[in-house]
Structures are given as C-alpha cells and as structure tokens.
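Down below are the structures I want you to see.
Look for chain A in each of the two complexes below; its partner is chain B in the first and chain C in the second.
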Partner chain A sequence: MERSRRKFFRDAGAATLGLGCGLPMLGTGCSSAGEGAQSDSGSTGQLAMVIDLEKCHNDEIRTACAEACRKAHNIPEIPDPDDEIEWIWDEHYEHVFEDLVHERTPHELKEAPVLVLCNHCDKPPCVRVCPTQATWKRDSDGVVMMDMHRCIGCRYCMAACPYGSRSFNWRDPRDYIEMDADGEFLTDFPTRSRGVVEKCNFCVDRIREGLIPACVEAAAGVPGGEGAMVFGDLRDPHSEVNRLLEEKNTIVRRHSLGTGPNVYYIV
Partner chain B sequence: MLDAAFRGSKRYWTILAVWVALIVIGGIAFARQMTEGLTITGMSQDVTWGIYIAQFTFFVGVAASAVMVVLPYYLHDFKAFGRMVILGECLAISAVLMCILFIMVDMGQPQRFTNVLLHPTLNSMMFWDSLALMGYLFLNLIIGATTLDAERKGAPPARWVKPLIILSIPVAVSIHTITAFLYSGLEARPFWMTAILAPRFLASAFASGPSLLILLALILRKMNKFDVGREAIRKLALIVAYAMVINIFFTGVEFFTALYSDMPHHTMAFEYMFRGIEGHNSLAPWMWTGMSIALISAILLIIPKIRANERFLPFLCVGVITSIWIEKGMGIVVTGFVPSPLGKIVDYSPTGAEVMVTVGVYGIGLLVLTLLYKIVVEVRARQNVTYEKVM
Partner chain C sequence: MNDRKKIYVGLAILIIAVTFPFWYGLVVTGDSTRPELFLPPDATECIEETGFMTANHMVLLKEWRDTAVREGEREYTSRSGEVIKISLTSTCISCHGRKDEFCARCHDYSNVKLTCWNCHVAPEGK
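The block that comes next holds the complex of A and B.
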C-alpha cells in the first residue's frame, strides 16, 4: 500500500513534469526511471539472510565471508580507514545491537564480533532520500539495488542509512583491487569509478545464475560453518529462512526505527 | 544597463581582481579534487558531509533572508526599504548561486548533476530543494532585472512582476524549510531529527542575512555615496534583534529537551559539541566561541541605544554572522554524524584543499555580488542625475 502510493505520486509527478516541460528527453528519462523498478516485476519476493551469531564467532568463517565477497565484487582494499570500502565486515556486538547491552553486560559479549552488511530493508531510508533513483528497491526480490552510472555521489543515502552499510569511493578504487598474475581483475564484476556510493547487493549477479551469495557459500565451506548463514526468499513458505525464523529466537538491527531489515541474527 | 559592470574606477577593478584571485585559488584546488577525488577533503566514510554542505546550509539562509526586506516593502508598502530591496535581491542571487556551487563541489560526479532533473524523485527532499533553489534564483533574477530596468527608465515595473514578487516570499521560506527537511527527516540521525530544525534555520537565517545586508549597505554608503537611508538600517537592525532572540530561544528549547530528558541519544551530540567525547573535542572551542558571541550580540542588539548607534552596529552584525556561521556552518552538519550508526566517533576538520575550494566559491559569490551592486549603484546614480536636471 505504502509503496504503491509512493509510486503513484512519483509517476504522476514525473508525468506532469514531462508534459509541463514538453521536453521529449525528459519524458523518456522519467519513463526509464520507472522501468528500473518495474522490469523485473512478475513474482514478488523478499530475499533475506539469517546469520547465526554463535557459529559466526569462528574467526575463520567471518574472514572467509568477507574475502569471498571482496573477490566476487572486485572490492578494493584501501588501507586508509577514512576511505575504506566495505560490503560485509565485523563490528562489535555492543555497536550492532546497542539497545541490547547495558553497563553490566559481560565484556566478551559486548566485544563479540558480528557480521554486518546491507539489510535490504522493507522501507529503505536510502531509497527514500536518493534524488536520482540511483538506488531503488527491486520489486521482484526486494533487493536494494545501486546504479553506479546514475549515482551523482551526493552521499545523502549515507547520511540516511541507520546501519552505516554504504561506502563512498573517495578515490579511484581500481588502484586497490586485487589482480591475478596476468594483471586482470579476479572476476568480471564491474569495477566502480571514483565518486559513487556502493554497498552489498545480496549477490544479485550470482543469484541470476542460480548461485547463492558468495559469503553464504564461503561460510558453509568452512568446517563448522554449515548453517552459519542461510539465504532464501521470505515469500516462499518452505524456504530455509522461514523455517529458521519460526523456530529460533532471532533479532534485527535497530528494529524500533521501522526500516524493516531483512538480515536476521539468531541469538 | 549591464554595461555599467564593464566601466569603473581603478578601485572597482582592483576589487574585481581580488575576487578573481580567490576564484583562481579555488579553481586550482578544485582541479586537484577532480583528478584525485574527494579523498583530498577531510571527509570520511563516517563524516560524509563537511564544510561544503555546511556552507551550503548557511547560504541558503542568507538567500532566504531577502524576504525580510521584500515582504515589508511589497506587502506593507514600507517605503524606507525602497533602496534596500534591490540590494537584498542581489544578495539572494549571489547566495543561491553559491549554494548551487557548494552542492556541485561536494558531489562525487558533478557532471551528472542533470540526473536530478532527468529522474525527478518526489520522495527525495534533495530533488525538491534543487527545484526550490533554482526557482528562487530565477525569480530573483527576473524580479531584480525588471524592477531595476523600470527604475532606469523612470517608469513603474511591469504589472506581471508583482505576482512573481509575491510568489518569491513563500519560495524564500520554502528553500530554507526544505533544506532543514534534508536533515530533519532522517531516522538515522537523532541530532537532526527534530521538528524545531526548520524554524531554527529560518530564525538564524533572518538574523544572519539581514546582518550581512546591513554590512553591505554600510560599505556601499562609505564607498559610493549610495545611501539606503538611516531608517532602513534601523529597521533592519530591529529585525536582526528579534530574529536573533528567537534563534537563541529555539536553540535553548533544543538544549532543554535533550539535556532534561537526559537520553543518551540526544545528550551525546551536545556533549560532543561542547565538551567532546573520549578526547574528540575539536568542535568544542568553536561552539563555545559561537555561543558566547551569539549571546553577547543578542543582548547588545536588544538595547535600543546601542542598536541604533551606527558605530556599534557593524560589530554586532559581524557577531551575529560569525556565531551563526559557526553554529550552522559547522556545528549542526558535522555533529549529525557523531556518533556514527556504528558508535564510532570520528573527528572532522576541513583540509587546506577543501578550504581553498570554499574560498573559490566565496570568490564567485563576491564577484557576482560586486557586479550586481555596481549595476544597481550606476543605475541609481544616473537616475539621480536626470532627476536633478528635471528639477
């Protein structure tokens, strides 16, 4: 309801502006803006991830995840933390779930590592604020997408994201991307240019080919990592993620904000 | 009419040369930013907006404040602002231009700026802000040009301009309201997410903008015998006094809510600004200075004798502008990013290159303002000559 109303206003406004200005170019611009969200529609779903906090205490699993992600998406390794690009990484429990800790929470729990990534929210604030629809929520599977060619680099989405899940390319990332012996990038996933924002894409590139996200696959490959991360569609009643959410005690980050994160954590 | 900008004394050309020098300085730094990226700024993944966006916010206020002379003159027929109105409109033009430039230099891909119009996004406050700013720029250009041209011909301005003038009043309020909404609509940033932000922005705008206008009017009088009149200055000073008191009141309201409720989310930002957290206290000296200047200027402005004294008034205006420049131009924007959503406290201070780009934008603003004021002064001077001849 919420989304369709917003879309109606958007399309109505786009139409009015297109008509009002009488610019054919503006018209096509508007309609192609709508297409981004519509072209994949057909089935509606919501991809989600369930992360087992305890299993992910294993350093090896988390390292394997981050490493697999970095390789799959040609993510640069920039040493300066101010400029670092991160799609999936570790944070302390007390910072990820700040409302769940207090002064007397045991130290080990406070500092326990937690894997964090984009939550692909039901109501993503980044999408709400983006002035160019360079980031949008895909109808077919609920993935929050990024168009690196449309992004103007205003970083409004970074101010709006309550999870710090977005990174800006402060410098040219290509100088910091790992290459193979032949001087080629490890995969053909498009590298980004300077001056745009990027983030986890739930591996839409791999999903398209029938694979599961690189991090989920990598976690399962580490001994003891089976079930550390589970990925699936929430609209499919028989999916593994739905089974886990029904059986286990799970939490999401900053639930009270109402963004509706789709990355769940088993406590 | 425009030819006046191309003729002038040695002093006029020297002033222009200084502004061009500032633009060159900014241009050099901006060229570096375009080749190396925004990494040359002090911004980071945690503090993603800095001095550029802060300056943008401050100058939106300056631009909006033209309404403080337009409204009394056109709606209430307050004749004393007769010569002040055009100065206010020219200041608005130059300020909006600076706002647009500050947004442009902050963007990672400025050449894609048109995407904002090619893909209109009604749910984005930034889209609305761009529309309002550009609309306000065009309104002031049209109004300023037609009224001045009419004055040059000694005729009343065309009738169709009046509705545009009336329209410019709500648009002026809207540019600063929407700019506040950019910040106050974000659930991720508790420090910004306050309903008083837009009213507070307007109050501080109506104090800082008219202060700047008073200073400019006094400078013009000293340099060119272009006198806006004592009454105009006095009334504008009164507006500054009221707006400054309201601004301080709104800020006080903000303090109360945060500090009395004592919720960590709300108190933390204030603690960071005025005391610093875990040794991160680079903002504290600025904030204390700003707050002290604000209070002193406000108290002195309230006293009628001091406010009316044109020897003190410039200092009070500088005080008001400085304190609001610190509050809006640094405090509010940067503090919104502290702590980060992941609890990190990251300091921000602008780099040399960033300051140079900022200076360059100031140079463009000052250049445009000087050219516009030159035209205004010439048109008025010529008009006086013909007036005397007729007499």
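The block that comes next holds the complex of A and C.
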C-alpha cells in the first residue's frame, strides 16, 4: 500500500513535468504550421505596381497622380504638415531608399523626387499590430484593406509601418476637402472622420468597377507618362508588371526588413 | 404628532420628484405624435416589408456593412427573392435621398445618434 502510494505521486509528478515542458513546444509547433499554411496558400492573387523612377522625374506626372488620387477619394488638403493626409506623395530619393545612398552619392540623385504610397506588403506589419482587425490583407488580391468602421485610432499601425504610408485624422477632414461649385463633394467615396487612420487602398473601389487606379490612369494621361506607372497582378504570368520585373532592374523599399513590398521601382 | 406637516411636505416633494419624467415630457416637449416621414412617392415598400424595415433596418445595415466591407460581397437577396445591390449611397439613397426628412426625423424623435453621414456622402435633396 505504502509503496504504491509513493509510486503514484512519483508518476503524477513526472507526468505534470512532462506536460509542462511538452505543451508550449506543441503550441509553438502548431502555430508555426498554421502561419506557414497561411502565407503559402492564403492569397490567390497579389496586385502590384511598377513605378519608373526616371519617367516620374517629370513634375507634371507626379502632380497629376496626387491630384487624381485626392479627387477620387475625397482626401483633405490640410496645409499644416503635422496634420496632413497623404495617400501618394513625393519624397526625396535619399529618404525613400536610405539603404542605397552613401556619402558619395551625387547630390542631385539624393534630392530626386520619388512617388511613394502604401506598399501593400506580403507580410504587412500594420496588420499584425492592429488590435481591432480594422486593417487586414485581402486574400483575393493581396490589398491591405482598411475598415474605417472598426478603426479606433490607436495609431499602432502607423508606428509599425516602416514606410510612413499611413496618416491620422487629427481634424475633421470635411473642412479641407475640395468641393464643386454646388458645395458638394467631388465623388461618392466616403470621407473619413476625425480620429481614424487612412492610407492608399490601391483603388479597390475602382478595381471593383473594372478600372485601373486613379494615379496610374492620370500618369498615362500626361505626355511622356505612358508606362511611368504600371499596375497588375503578380500571379498572372502574362501581366505587364511581371514582364517589367523580368526585363528591368527594379528595387523595393527597405527589402532587408522582409515585409515584401509590392510597389517596385525601375532604376 | 408635531411632525405631521413636515411629513406631508416631504411626501409631496417625493411624489413630484418621482413623477418628474412624466409631467416634464408633457409640459416641455408638448405633443408626442409620431414624426412625419418623407416617403418616396413612386414606391409602396422598401426592399423588405415595412414592419421589418422599421424594426430591423439597423441590423440589416450592419449586416450590409460587414458583408460589403469585409467580405467584398455586394449582393443581397431579399425575402421575396429580389437581388439588390448592397450600397448605402446608391441603393438606399436612390429612394431616401431626402435623408433629413427621413432618417433624421425618427432619429431626432427617439434621440438615437446617427453617425452614418459623418463619413458617407449622400447627394442632398433628391
């Protein structure tokens, strides 16, 4: 009797110890298997953009892009740079590709303007940190979406995005949105409200209707702007973006971070 | 028995305080008839029965919001089998364009805050 009691306690102790060590490992194994499955088969398409740096040195093209974007999405034009809302805008080469410049890079190249926008990353850090799943990566085409109904304005995503692609509405944007002569907004696209984060949506509203993004269309409309911006699906082997990526020397922003940006630049 | 007067005064104050919401509503806000809504002249019914819409429009709109924004599904089949485009600004507003005389009237009456139009853009006065 005495011996079997002792044996029982010993076995129980061993079992508890075994469970304690084994369970965490089992958990890690399961979650990593899940992640692998998600990144391999979760997405059935990936929209991407290829921007020709040289062609986009033309000021007219870049202005047309930003203007078209503003008009298509009722984006406010706030003069104070601390509060401004940007979906696509200009940035100096040295700030876009910090890891590609050095002390002896020519000054003109460092200062050259580059169009920047949300990269719709393969592994978007903004999506990982969002506490309400207000931002997520859409399976069907890889667009990093925003649900303004869910955004609580915590700005975690802004801290997580290494490209500064997101803007926060510090003010009521309606006071700064362009209106037509009758005092109405230029489009039906919902405006945002104070206290939410917004960014480029790859024109999902236009894609749904079979159009291409407003910036790409605007760039092509400017003389010399044909091919300055090209948009397409990476999973389609015959798409124009795939052809360009195969033929040209292209770069992405901060490749070493492993976010997998889907906006490519032809150098 | 000396406190009889005080007790009656106290009771009177209590009764006035407890019934305050009832007589205050009657005296200050006046009549409480149902708000008059602007209804589209060329339609007899919304996408579902009127009773259902009155009671459940908020549930339906929330469902529409989630299916359209999060799942990208933009078609709704009504109980009568009609397929309807899920869109606040085109489907709802195509009839209820005068939202100040439709949404706002009931919501003001029942003191329920309406936030849809803080962001969604509706053409005015159709």
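Before moving on, here are some points about what is shown:
Following the convention adopted for this analysis, the second predicted complex is superposed on the first by the 224 of 267 C-alpha atoms of A that agree within 3 Å, B and C clash if a C-alpha of one lies under 4 Å from a C-alpha of the other, contacts with A are read in each partner's own complex, and residues count from 1 in each chain.
Criterion: contacts are C-beta pairs under 8 Å (C-beta built on N, C-alpha and C of every residue); 3 or more make two chains touch, one makes a residue touch a chain.
In this text, all values refer to a predicted model and were calculated from it rather than measured experimentally.
By the touch criterion stated above, A:Glu184 is placed in contact with chain C alone, chain B being left untouched. Looking at the shared chain after the overlay, A:Gly221 reaches neither chain B nor chain C.
With both complexes placed on chain A, chain A has more residues touched by B than by the other of chain B and chain C. Of the two partner chains placed by the overlay, only chain B lies in contact with A:Ala159; chain C stays clear of it. Once both structures are placed on chain A, chain A residues 193 are touched by chain B and, in the other complex, by chain C. For chain C in complex with chain A, the residues that touch the partner chain are 65, 69-70, 72, 74, 89-90, 118-121, 123-124. Within the complex formed with chain A, the chain B residues making contact are 36-39, 41, 43-46, 48-49, 103, 106-110, 112-113, 115-127, 130, 182, 185-189, 336-337, 340-344, 346.
Contacts from chain A toward chain C in the complex involve residues 74, 136, 138, 140, 147-149, 184-185, 187-193, 208. Contact residues of chain A toward chain B in the complex are 6, 9-10, 13-14, 17, 25-26, 29-30, 33, 80-84, 86, 91-92, 94-96, 98, 116, 125, 128-134, 150-156, 158-164, 167-172, 193-197, 257-259.
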